Amino acid sequence: MEEKFEPKIAAFVCNWCTYTGADLAGTSRLKQEANARLIRVPCTGRIDPVFIIKAFENGADGVLISGCHPGDCHYNAGNFHARRRWILFKNLLDFIGIDSSRLYFSWVSASEGKKWVDIVDGVIDAVRIKGPFKQYKKMNKEIEIPVAVEEGVSVK
Amino acid sequence: MEELIISNDNLKKIVHELLNNDCRVIGTTAENKFKEIESADELVLNPGSVPTGSSFKEYFFPKTEPLFFYKQNHSNVDLFDPIPDKSKIVVLGAKPCDAAALPIISKVFNWDYKDDLFNSRLDNSLIIGMSCHYSDEFCFCNDIGGSPENMKGSDVFLKPLADNYFKVTSITPKGEAFIKEYQKYFEKDLGKNKPIERKVENPKHFDYDKVKTWLDNNFENKFWDTAGEMCLGCAQCAFVCPTCHCFDIIDEQNGSCAGRRAKNWDACQFSLFTKHASGHNPRDNQEKRYRQRISHKFKYYMDKFDEVLCTGCGRCSRGCPVSLDILQVVEEINSLPENSNSIQ
Amino acid sequence: MKIGVFVCHCGENIGRTVNCPEVSKACASFPGVVHSEDYKYMCSDPGQNLIKQAIREKHLDAVVVGSCSPHMHEKTFRKACASAGINSYMVEIANLREHCSWIHEDIAEATKKAIDLMRFAVERVKFNHPLQTIKVPVTKRSLVIGGGISGIQAALDIANAGFEVVLVEKEPSIGGHMSQLSETFPTLDCSQCILTPRMVEVYQHPKIKLLSYSEVENVEGFIGNFKVTIRRKAKSVKEELCTGCGLCAEKCPIKKKALSEFDEGLSNRSAIYVPFPQAVPNVPVIDRSVCTYFKTGKCEMCKKVCGREAIDFTQQDTFVTEDVGSIIVATGYKLYSIEKKPEESIYKGYGEYGYGKYKNVINGLQFERIASASGPTSGEILRPSDKTEPKKIVFIQCVGSRDESKGFSYCSKICCMYTAKHAMLYKHKVHDGEAYVFYMDIRSGGKNYEEFVRRAIEEDHVNYIRGRVSKIYEEDGKLIVKGEDTLAGLPVVIEADLVVLATAMIAQQEAPKLAQTLNISYDKYGYFQEAHPKLRPVETNTGGVFLAGACHSPRDIPESVAMASAAAAKSLVLFGADMLEREPIIAKVDESTCAGCFYCQKVCAYNAIEKKEIRDRQGNLKKVVAFVNSGLCQGCGTCNATCPSKSIELIGFNDDQIFAQINAFAEV
Amino acid sequence: MNELKQICKDALTEKKARFIIGYKEDKNKRVKPFIAKTPEDAEKLTFSHHAVNNLAVYLSRFKNNIDGKIGIVVKSCDLKAVTALIQENQIKRDDLFIIGVNCSGVVLDVAKEFNKDNTQIKCKYCQAKTPPYYDALAEESKEFEMPDDDQAELMAKIDKMTAEERLEFWNAEFEKCIKCYACRQVCPMCYCEKCIVEKSEPQWIDSSSTSRGNFSWNIIRAFHQAGRCIGCHECERACPMGIPLTLLTRKMGMVAFSEFGYRHGTSLTEPTLIGTYSTSDKEDFIK
C-alpha cells in the first residue's frame, strides 16, 4: 500500500508576533498538526526570498511566512518592506511556473494563538491535497547520491 | 587503402544505428548548435556554416560534474563515487577548429594527474571531423598552424562532395575500426562526385612566432593597460572556447549531512579566479586578467605543452558582448616592435 | 565543533508527548554532537549543573537545549553556559514545549518533530559565533526640551538624583501653560502657587542648566551619546548683568502696542518685557518685531534707564552644543486656533462660532487668564468687550475634538474637567450668574473627577445641555447661542454675555520638524509616537529619547507629571550604569564587499546606517561603504534581506545560521 | 557624425570631461565600446544602429571618481541606467558629462544590417528616442517605424500557459545556462563587488550548472533586478546560450509598474521601489 503523503511545511516567523503567538497556542494547549517546522527570525523584514527557494530545495512542500500585522511591527516597518518583496517574488515565481500557491503568508499577532493554529492546519491541509512538490524535488537529482551507487568508502 | 565516400543519407543511417546501440551522438542541428541528437533527422552537416556558438567540449569536459558524493554520519563521512559514464560518444560534423581542441586540452588533463573522467570520455569517443568552407573576420585557424582541412583531433574526416556526398578519410585506428564496423554504408570513390571547392579565402593575419617572442618579453608592457580595458569580466569567451579548460572545485550541500563535490567550469576573466583567502588578489584588475588570457593562450601553454591554446575558431570574439576581438589584439601585438614601451 | 545536547522533560510537560530519551539518542548521532542527555528539569539547579558538568568534562564549544520557548529560559541557559566557560551566544534553544509537546498528541509524531527541531538547532549552532554584549559609554546628562510642568518635573527628578540636566525652553520663561492657569481641577488649588516654587527650584538647582529663549537646532548621535546643538535666540539683554528690576519694561515707550502672549492677547505688553511677573528667569527680552529701536534705529530708552548696562542691541543668536545621554521631549501642546481661515489649515474650523470676530467669544485659556488673580482683570470675571460682569455665560465643549468633519477625531480629554472648573469658578465669583455647558458626553474618569463634575452640576447649579451649538451671532451686545438640547429634543437659544469655547488640544506646529530632528515618529496629528502603546508608553523608537506630557497626546497636569517622572526614571535607568549594555544582535557590514548602494540605509527604520569613507594609506578615497551605528541598530535584519550581495549581515541571525536551519529541513 | 565627434572633441579639449566612454568603429560596420582620452581619440568616436552596448555598465568603475567629469555617450535607454546608478549611489550626476544621442533603434544581430527584422527587442517598445536629460545632444533624430513588440506577445502567451507549461518552458531555457555570468557582468545594475552566488564559505546558493543551481541563479538574478532593471536588454544580448533573460526582468518591471506604479531609472529624485513601502501595498494574498 502506498504510504499516505504527509507534507513538510517550513514556516518562517517573526520573533515578536507570530513566534510568540505560536507560544501562546502552546500555552493554551491548542492542538495542531505536526507537519510544520518553525524557523525564527527577528522580523519578517529579515526574510530573504532566497530562504523560500532554499526551503523548497530542501524538500519543503509548502512554505508559510508570518509576522506582525501591518502597523504592529516591532521594528516599525520591517513587515511593510517584506510585503513589498513578497508581491514581487510571488509574481516572479508565478511567471517561472513554480507553484506559488505553495507559498502562504499571514499576519499573526502575539495574541492570536488560535488564528495561528487555524492557519497552520489550513496550510497543512491545503498542501496535503496538492501532494508532494515534485517540480522542485526533481531539481535535486544531480546532487543526490545516485541510486546505482551501493556502497561508499567510509572515512573517519 | 581504397578511397571511400559516403552519402549524407547513409551517414544518417549510421547515426540511426548508433543511436539504437545506446551511443551518444553529438552533432550539429538546423539551428547550427552542437547537441546530443535524439534522431538522425536532427543532424545537419553544413561545411559553410559559421562555427557553432559553443564548442562541443562540454561532452568531454562537462560544465558541471560530480567528483564524489558524501554523506556525514555522526563522526564518519561516507564517500560515494559517481557512476562513470561509459557510453560511447560520436561527434559528427566537428570543424577542424573544434576537433583540434581535444588533443590540445588532453595535454593538460594528462599532465601530472591523469583525469580519468576526461580520459574515459575521450577514449570512448569517435570524432568525425569535416572540412570547413567558412571564414569571416574572426577566423584565424591558419595563423596558428591549423587550416580548414586540418584533421588534427579527428578520427574520421569528411570532405564535402557534390550531390550530398562526403569523401571519407580515416585517421586513427579508432576511425579505421568505425569504418570497418559500418562498411556497408561506405562506397568506393569512383571520382563521380566532384569535390566542392572552398570559395572563401583565409587571409594571413599575423606571424605567430613574432607574437610569441613579443609575449616572452613584454609581460609589463603598457600595451596591456588598454588591451583589456573594455573587458567586463564575464566568462562568455572562456565558456564557448573549445580549448579553455579551467575549472573550480566546490562542495554543494544536499541537506545538512549530504552533498557532492563538483568540478565546474571556471574562467580566468572572473575576478574571483585568483582571489586569495586572505582577500588579496594578484590579478586585481581586468587588464591583468585579460593579459593572462592572451598570455595563457599564446605563450604559457606553448611553453609548457608546445601547443597554442587556441584553434582560431573566433567564437570568443563573435560572442563578446563588448566586441573584444582576440584576433585584433593579437594582430596588434604582431605589429608592435619587440620590447616596445617596456617598463621593466 | 563539539556540541552538547540537553533534552528537558519539563516534568511531564514535554515528556508526556515527546519521548525525550529517544530524542536524546537521536541527537547523539548528529554530526558534531559529542554529548547528549535528557533530564527531568533542565532549568533546575541540578539540570543546569548537568550542562555545566558536561561543558567542563567534554570541552563543549556549543550547547543546544531542547526545552520550553526561548522566550522563557534562553537567558537561564545562556547564563548557565557562560558560568561554565562557554560564550552565552553559543547556546541555542529548541522549543519542544510550546511548539511541540503542548500542541501535539501523537507521541511518535511529536517525537519525530522534536528530533527535527533539535537538528535545526544543532545545525544552526554550528554557525553561531561567540558574541560580546555591546557596551556603549553613557553621558550621564539629560536634555529636557520644553519648560512646562512636564519638563520642569522631569528636570527636577533627574537633577535631584544627582545628574545634570539641560532644560531648553523656547519662550523667555519656563512655566508653560500651567503658569497661565487660574486654579486647577479637581482641588481648585491655585496653579501658580504650586508651580512657581518648582520654577524657582529649577532656576536655583545647581544641576540644572536652564536655557530659556532657546530651541533645539540639531541632534546627532545615539542613546547615551547625543550631541545636541541649541540655538540661543538673541534676548538683546545681557543675562548675566540683568537684575530683573523691571525698569526697562516700565519705561518702554511702546507700552500698549504688543499683545501679551501670557494673557492670551487679553492684555498688552511692552517691546522689552518679561512674560509675567513670576517669570523664570526674570530677565526681559526685546521683541524686535515691535521695538522702535529695531524699527527706526532710534529710542534706546531701555538702554538709557538700565543702570547695569545690560541692554545689548547687537546681540546675535548663538549656538551651543551639549553632550547628553538622554533626551526628554516635553514640548506640550497648543490650542486649536479656530479663527484660522480654512484655506490655511487642513481643518475646517468653526467660523460659525465667531471666534476672533466677536470679542466675547473666547477660548478656555483666555478664560483661565480672566479667572486668574494675576490676569488682566485681576481675577474678576469681566468680559473682554466692555469689562462688565457677564450674567449669562455659555461654555461649549468639544470644539475641534471628536469632530472628524471639522477638527480632530480624538478626545482632548481635559476639556470636560476644565469646563466644569470654569463654570464653577464663574459661579463662585458671580453668584447671580447663569452658566450653561453644551457637551457631547462628560468624560470625567480620574480620581475625584466625576465627583468634581457632579459638584458643578449639583452644588453650583451649572446647566449642562447635551447637544451641539450650531451658530453664535451678536445682537445688541448679546451673543445669541443657537443649539440643540438632544435629551429634550428641543432647539435652545441662549442670549449669553460671554461664550467660552473648549477648543481642542493640538500638537505644537513645529512637532513634526522636531520629530525629524530627533528621528522619532509622530502620528498624523503631530503627536509624538511612543515605542509601544502599552508597555513602552514613554519611550520612543529611538533609544534614549523619552516623551513626557501633552506632546504625546492630550493629558492633564497629574498625568503629565507622572509621565515626566516616568521619563526621568527611564533616563535614570540609563544613567545607572557607566556603560550601556545591549544585545549584540545588530547588523554588521563587510566593508570589503559593500558596493555602497545604500539600500540598507533606505530600509533602516532607525537611521542606523551611516556612510563611511575608506581611504588608502595616502588618504585617497577608495570607496564609500555602509557603516552600522551600533547604538542605533535594533537588529531587525531588514537590511540583511535587502542587501543584494549580503554585505550587511545581522549578527546572530545571519544567512549562514538560517541557511543551516533550512538545510536541516531536508532530513525532516 | 561630425557633430558627435565635435562635441566630444570640444569636451575633451575644454576639459569638460576627463575622458569619454563612447563607441568606435570596428570591423564590418560594427562598433565597440571605447574610451576616448584625448581630443585626437575623439576622432574615432562614432554612433550608429550598431551601437548596441549600454555603456553605463562602465560607470560603477569610476564611482569614487575625483579627477574630473566622466563623459559618456548614451542613448535614451542607456540614460535610464545612468539615472538608476545615480539613484543607487554608484555615481554622482555632477561627476558626469552626459552626451545624449538621438537613437532610432539598434540592431539585434551585430553581424547584419539594421532593418525591421534586425531590431533589438527594447527598441520595439522604446518610448523616447531622445534622452530626457543630457549635457550635450548629438545625432539627428530619425523616424523609423518599429516592428511589433513580439516579446510582449510572447509574454502574454507565457502568461496564458499553465504553471506546468511555464515551468517546462523555463526549464528548457535555464538548462542551457552555463553560469558564465555574462548576463551579470554586462548589466549596469549588477555592480555588486561580490555576487551573492560567490559567497562560498559555505556555498549556500549552488554555483553549478545543475538544474537546481540554474534555477536558483536565474530566480535570484531576476529578483535582484525586480524594480531595478532599467530594460536595456544587455543580459539577453550577452547570453551566449540564447536564454531569453529579459522576459524575466521585463516581467518584473511590469509588475513593479502595475503593482506600485514604479519605473526604475526614470527619475533622479523619486525614492526607489525597494527601500520604500506604502502602507497601502496590496495584501490580498496575506491571511
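A, B, C and D are the chain letters, set down in written order, and residue numbers restart from 1 in every chain.
Criterion: contacts are C-beta pairs under 8 Å (C-beta built on N, C-alpha and C of every residue); 3 or more make two chains touch, one makes a residue touch a chain.
Keep in mind that what you see is a predicted model, and the values were worked out from it rather than measured.
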Check A-B against A-C and say which one is joined by more contacting C-beta pairs. A-C
Per the C-alpha centroid definition, the whole-Å distance linking chain A and chain B comes out as 45
Centroid of chain A to centroid of chain C, CA atoms only: how many Å? 38
Averaging over Cα atoms per chain, report the distance between chain B and chain D in Å. 31
Hey, how far is the Cα centre of chain A from the one of chain D, in Å? 35
Which residues belonging to chain B are in contact with no fewer than two other chains? 64, 75, 252-255, 258, 262
Multi-partner residues of chain A (each touching 2 or more other chains): 54, 58-59, 77, 81, 85, 140, 142-143
Can you list the residues of chain D that touch 2 or more other chains? 194, 196, 202, 204, 206, 208, 210, 274-276
Graph class of chain-chain contacts, one of line, ring, star, complete, other: complete
Inside the complex, what are the residues of chain D that reach chain A? 158-159, 161, 163-170, 196, 204-206, 208, 210-212, 215-216, 218-220, 222-223, 226-227, 247-248, 251-252, 255-256, 259-260, 273-279, 281-283, 285-287
Looking at the complex, which residues from chain A come into contact with chain B? 58-59, 140, 142-146, 148-149, 151-156
What residues on chain C touch chain D, complex-wise? 592-599, 602-603, 620-624, 642, 644-647, 655-656, 659, 663
So, in the complex, the side of chain C touching chain A is made of residues 69-71, 95, 97-100, 102-106, 109-110, 112-113, 116-117, 120, 521, 541, 585, 603, 605-606, 634-638, 640-642, 650, 653, 655, 658-659, 661-666, 668
Per the contact definition, I'd like the list of chain D residues that touch chain B in the complex. 26-28, 30-35, 53, 57-58, 110-111, 178-182, 184-186, 194, 198, 200, 202-204, 206-210, 213, 234, 237-238, 240-242
